[in-house]
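There are structures below to look over.
There are two complexes below, and they share chain A, which is joined by chain B in the first and by chain C in the second.
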Partner chain A sequence: MYGRTGLVLLVVVAAIVWILPSYYTGLLTLIGLYALVTIGLNLFMGYAGQVSLGQAAFFGVGAYTSATFAVKANITPWLGMVLGAIVAALVAYALSFVALRLRENLLALATLALGIVINVVFNQWDFIGGTSGLKDIPGFTIGSFTFDQRAYAILAWALVAVGIWFAGNLVRSSFGRSLIAISAGELGAQALGVHSERLKRQTFVLSAVYAGAAGAIYASQASYIDPTSFSFLLSVNFVLMSVIGGLRSLWGAVIGATVVVALGQILQNVVPVVLPSARGDFQSFFLGVILIAMLILLPRGITSRLSEARRA
Partner chain B sequence: MMASLWQYVLSGVVDGAIFALVAAGFVLIYQVTGLINFAQGEFAMIGAMTAAALATAGMPTLAAAGIAVLAAAVVGALCYLLAIRPARKSTGVTLIFITLGLDVALRGLALFVWGTNPLSLNAFSSGNAIALFGGALPPQAMWVLGSDVIVFAALYLFFRHTYAGTAVRAAVANPPIASTFGIPLRTFAFWSFVVAAAIGGLGGVMIAPITSATYDMGLTLGLAGFVAAVLGGLDSLPGALVGGFVLGIVEHVAGGLWSTGWEQGVGFLILVLVLVLRPQGLLGRATRRA
Partner chain C sequence: MTAIPVATATLEVRSVTMRFGGVLAVDDVSFSARTGEVLGVMGPNGAGKTTLFNVISGVQRPTSGDVSLRGVRLTGRSVEDVASCGVTRTFQTPVMFWGLTVRESVEVALAAREFGGTYPPAPLRELAPCGLGSPGRRHAQAALRERADVLLAGAGIAAMADRATESLAFGEERLLELARALAVEPTVLLLDEPLSGLNPDEVDAVIASIRAARTDGVAVLLVEHAVGELLSVADRVVVLDHGRMIAEGLPAQVAADPVVIDAYIGDELE
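Here is the complex of A and B:
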């Protein structure tokens, strides 16, 4: 079901990019990339019941890896995307030995802190551009065709289709059921023979693979990255996407990413008209309020309401 | 070399005293509600911004400082009533996300009210820097250290020598049994937010003359407060004090010896090491609450 719907979504995207203005095509790409990150995050948070407040860091690691290889060594972004996913996975693997020993409150704190440490590394490491970031990142090419906005949208959503198909198969396998068992109670799951530590680590690494691949495409599409692109606020945004769509839902990730990106655009255009003094990251006020309101009123996300409606 | 090292330590002590105040707020809320309040740093920001804005508008510095602490307390009360209390039946992760939402919402709100420009606040007392064994402390340092002494002494007296303080300790030790003895847990949760916000606000007011106040100072300050609280042990108020000073000094010495950009990184490295090697912190109890 996930595979077929994903394919339909890809076809729809591939069709509408021909009529959308290029600005909106760019947004569509962004939605796809964020959805990819959120799918990974939902596996880790929604299914395995853990917390990550540092997911933007893996997105950043993917972006920086691909961009650095492309700018410094002239390596094609296609390979860069794979390398970005691998390096993000390695970083997640290394960090998992620290972070995954903790739960809830302390896990949230640790992932938040690790995310910021990685951002400090982006800022301080001059080889990858330091505070000024990397410019003129080469784009994806096929033969002599250099990707335009349309091609990026199709690439991003092709990955969403693959990503959601893979994650969909995963959550319906014994792997996914074990994750749900862990979130219901780790000790109980262990007693039933679930290798909770190993499964949590694999899921954490997988979520980093999703984020890393998405980040690599982001770097080439934006052609410019700096440390502020991968700040704590982006991690909060990923959490918001997860929560809005529903933590334990893969389609929720797509819905959440769409809602948050669309909301960001609306706020950016409407608020300055109403309140001319608004500048900077003022959207964070609305993001925070919506996050709180969602958690109080609809803690299992929009998709929970949709599936209830379908059952009724 | 030694002289500059000593100076880093002194600067670290001043910062550390502020971190200790923010950390005290974390510990209070964590002890009473079992919740890590990610918005704690924003209370300090509200304190700093309110004081600086009022003083810029012409109010005497000390009066502005007093009102700013009250404002932070009111914000803390509103946060509890509007966001935490309606979700009190939720699980841990949901509450974490809610305080995270409070954090970004308060930061955005500050941006609406005060804009992006940093506001400055005069030091509370004029005078020369205080020389100390070849180093120098800014005059503001006395106010900072003084407020640490007052806050921690007041908390100590409250918890050890008042009836209400004993009741809070009972509630922390065993909520269901305390509840059967008529101890109002929910009221305590409310007041833990109010007091934590006031203490955080005081920290913000104190640091404003040193670093000036900006809408986005809360995150950094809050994270430093977390590190200090975890370092000292999340359930220990003396630990918050010790953790604050240790963190302040280590950050400044490391920042001074290498480069200031790494300061925050060093703080978090400490956090991660503590979480892994000694999750109960320096002064915390070995058993952790479920």
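Here is the complex of A and C:
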């Protein structure tokens, strides 16, 4: 069901990009890429019951890997995307030995710190551009066709379709059920022989694969990246998308990414009209207020209300 | 090495001591449990029964001493490794997997065994087949479901199969937890007060399950405050008091032992 709906969504995206102004097509791409990251994060947070405040770092690792190979070695972003996902996975695998020993608040702090450390590496490593970042990142191509905004939107949502199909299979399998068991009663699951650390590690690494692949596309689409693109704030945004959409829901990831990006855009347009004297800070302020209100009114996410409505 | 004696000890607890700061929760306790017997573990509150279970199941590492299963040392292994070796347990407060149905909870237990092993590497063995929804995986999933239904029927809770675990009453939680533990086909089953909070029908169901497990050759260690039930179902009993083992023997012997009676009455007077 996830696979089919993902495919339908891809077809819809592939259709509307022909009528959408290119600015909005770019936003659609961004929503798709963020949705991909959030699907991975939902597996780790919503299903396995863990928390990660460092997802932007994996997004950044994917972006930097693909961009560096493309800029320095002229390697096609198609391969760069695969390499970005692999390097992000390796980083997550290495970090998991530190992070997954910790629980809840401590895990949140550890992932936050690791995300910041990785951002420091982006800043300090001159080979990958240091503070000034990498520019003129080559785009995706097919033969002589270089990707335009439409093609990026379609690519991003094709990955969303694949990502949600894979995650959908996962959550309905023994793997996903074991994750739910771990999040509900880890010791009880372990007493049955569920290797919780091994399953959590695989899920954490998978979430980094999603983020790494998304980051690689982001780098080529934006053609310019620097460390500020992958700051702690972006990690917080990913968690917000997860929570607002509904943690234990894969469609929640798509909805959460859409709502957070769209709200940001709406406020950017509406606030200057309503409050002409307001500066940019006010947009963040209102975004914060709206998000807090949503968290209070829909603590289990938008999808929780949708599924209640369907049942009623 | 020739034939193994039939009455060989399955679970061997040797000189286990567990100290928390200045408190000796378990003090130099040794005993063994054999296949196909119910070993009752008695003792007043605070005697160290649950701590002993925690040590055996790998939740806590003893200060000294060790536990082994058929000669394989369990001490120092993680809870899941101990479980993979064949020792599983239930908890005083049942641990439910909220978010899953009753059947799915049992499937998790069954899948835990299937997911064991070391080759191929975990992502190829677990993550990839499950995520790709491979035909082999779907087949395995259907087999788990069937097996879970058989187990639920055996435990007399087939009617609960599709219910969300959040909706279960306390007694039903106990029955599910026991069915889940039996699903992993343990060699040793540790039951921590499996009868407390149950109605008479549920008590009968749990006792029937314990007896069936014994018939299947499981060594059942039973901690239970309902002394009458414990003495009727146990083949042998060990008694703890203030962390020390003060008696061991047949139920009738232990029940008549003045030291044991003293420990219980003394506890009540305190």
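Going forward, the second predicted complex is superposed on the first by the 289 of 312 C-alpha atoms of A that agree within 3 Å, B and C clash if a C-alpha of one lies under 4 Å from a C-alpha of the other, contacts with A are read in each partner's own complex, and residues count from 1 in each chain.
What we mean here is this: contacts are C-beta pairs under 8 Å (C-beta built on N, C-alpha and C of every residue); 3 or more make two chains touch, one makes a residue touch a chain.
Not measured: the values here are computed from a predicted model.
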item	value
Which of chain B and chain C A:V117 touches, first, second, both or neither	first
Contacts of A:L275 with chain B and chain C, given as first, second, both or neither	first
Which superposed partner A:A184 touches (first chain B, second chain C, both, neither)	second
First, second, both or neither for A:L233, with chain B first and chain C second	first
Partner chain in contact with A:L199 - chain B first, chain C second, else both or neither	second
Which superposed partner A:F166 touches (first chain B, second chain C, both, neither)	second
First (chain B), second (chain C), both or neither touched by A:V37	neither
Superposition-derived comparison: chain B or chain C, residues of chain A touched	B
First (chain B), second (chain C), both or neither touched by A:I225	neither
Overlap of chain C and chain B interfaces on chain A (superposed complexes)	none
In the complex, chain A residues that touch chain C	166-167, 169-170, 173-178, 180-181, 183-185, 187-196, 198-199, 202, 205-206, 248
Residue ranges of chain A in contact with chain B within the complex	45, 49, 51, 53, 98, 101-102, 104-106, 108-110, 112-114, 116-117, 120-121, 123-124, 232-233, 236, 239, 243, 275, 277-292, 295-296, 299
Touch list for chain C against partner chain A, complex	57, 59, 78-80, 83-84, 88-91, 95-100, 104-105, 107-109, 111-116, 122-123, 126-127, 130-133, 137, 140-141, 144, 165, 177, 180-181, 183-184
Chain B residues touching chain A - in the complex, by the definition given at the top	35-36, 38, 82-83, 86-87, 90, 92-94, 96-98, 100-109, 111-112, 115-116, 215-216, 219, 223, 226-227, 230, 259, 261-262, 264-265, 268-269, 271-272, 275-276, 279
